[in-house]
């Protein structure tokens, strides 16, 4: 028996070519979870950017390191409201995050780079970076839009 | 550092809805590995049928059991020839295979069912079922077609 | 997978889209058998133009539909096969037992 | 990702297909900068009709192309953006700094 809600638990190597494999799987999983097409695209984008950041920053571009990506269904109470959602957790054993750099830059300046964290924050309801032991943990959560989902339920 | 050649190691639950997630990931991985489009489709089909068989036969349709799918690049010597390929291994903790049933039925009779093993054998160069301890192991290998791949190399 | 039915005088056409696999082939089977039981139009036609994948459980559902149709003297017709769908019927040597056409016009002719 | 170049009198058009991500954005960057250095056609046009995904590293390559073009007084034009490509340029608030057109005719006009 699996931990409740677990859908997929993937170990991959830190090779950028595998990003398209991750996107294919995550996009399909978001479709199955009932998100709208733009939400599916934006969650997929967030996961892609998160994995790319691990490859580039935590592992400095080394292609043979271990990345763990797990996806589970969650249901919880947020501000007194019942919410269903998808939780995605990313683990790596690379260099620790530098907290000071982990704040997204201003978008007013036009320059290459520094967009990934923006895309992630924009797409997800929760984005939490934690260092636990020698591991970096990133937790991303997206709740299913109850307004969209509730359209054909009573009381509308 | 990972075991050599490892590309992806996926744990999923035995829910048929996840088959489309597995196909999306495997299809992309076969494309990256340099297989032709029909080969990509047929390897993806073989993995789909293999996972479906675990869900239906090893786990009798219970949706919350653990399936492990791993994909690695291999290179080896087959009949004196160097071959590169993709190895896919499937592990489950379900009922042991019944060897007698594991032979594909004749295709002369028209009836529903009994096609999965055909598709797998047809697609793959190696298909090996083993029982190790309390685990079922299925190993599938597809070699990259050297004739197709070698078209622009010397000595043709 | 999505299934929608169009009922004409002489035929019922099922427009099917998506992937047919173990997650939904039981639903396909049920839909086909119900149609064949309740509305006996002379032809049951499956529009597979939007189907990019069929696995062996999906093929099994098609075979059951075909058998139920034959039992009642009705025609069971497929059209719009993608490369993947065609491959799977060829591999299982079942392509010859189905009536397969290129498009709707031929299927209705 | 695949890139192919078509060189016209007044423009170089790059037909790009596939996904642009960390695995190939360095190649895109290199190709664009090389073109801008070696063949100074007045317009460099990127046909993105076949591009279904661009990540932030791909956007960074486009920004570098744009900057290099501006430095030389050349125009840098995008056309054929998919919903995903448009979203990513909007999110990064960069859509307004690029010249974006619907199709090749407009990009060449």
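So that you can tell them apart, the chains are marked A, B, C and D in the order they are listed, and the count of residues begins at 1 in each.
Throughout what follows, a residue touches a chain if its C-beta (ideal position, glycine included) is under 8 Å from a C-beta of that chain, and two chains touch if they have at least 3 such contacts.
This is a predicted model, so every value here is computed, not measured.
Common neighbours of subunit A and subunit C under the contact definition above: B.
Centroid analysis (C-alpha atoms only) places D farthest from subunit B.
Separating the CA-averaged centres of subunit B and subunit D is a span of 39 Å. Between subunit A and subunit D the centroid-to-centroid distance comes to 27 Å (mean Cα coordinates, whole Å). Centroids of subunit C and subunit D (each the mean of its C-alpha atoms) stand 44 Å apart. Residue numbers of subunit B whose C-beta contacts span two or more other chains: 17, 20.
Those residues of subunit A whose C-beta lies close enough to touch subunit D in the complex are 16-17, 19-20, 23, 38, 41-42, 45, 48-49, 52, 55-56, 107, 110-113, 115-116, 118-119, 122.
In the complex of the two chains, the subunit D residues touching subunit A come out as 19, 21-23, 53, 55-57, 59-61, 63-64, 67, 83-84, 87-88, 91-94, 97. Against subunit A, the residues of subunit B that register as touching in their complex are 1-2, 6-13, 15, 17-18, 20-22, 24-25, 27-29, 32, 64-66.
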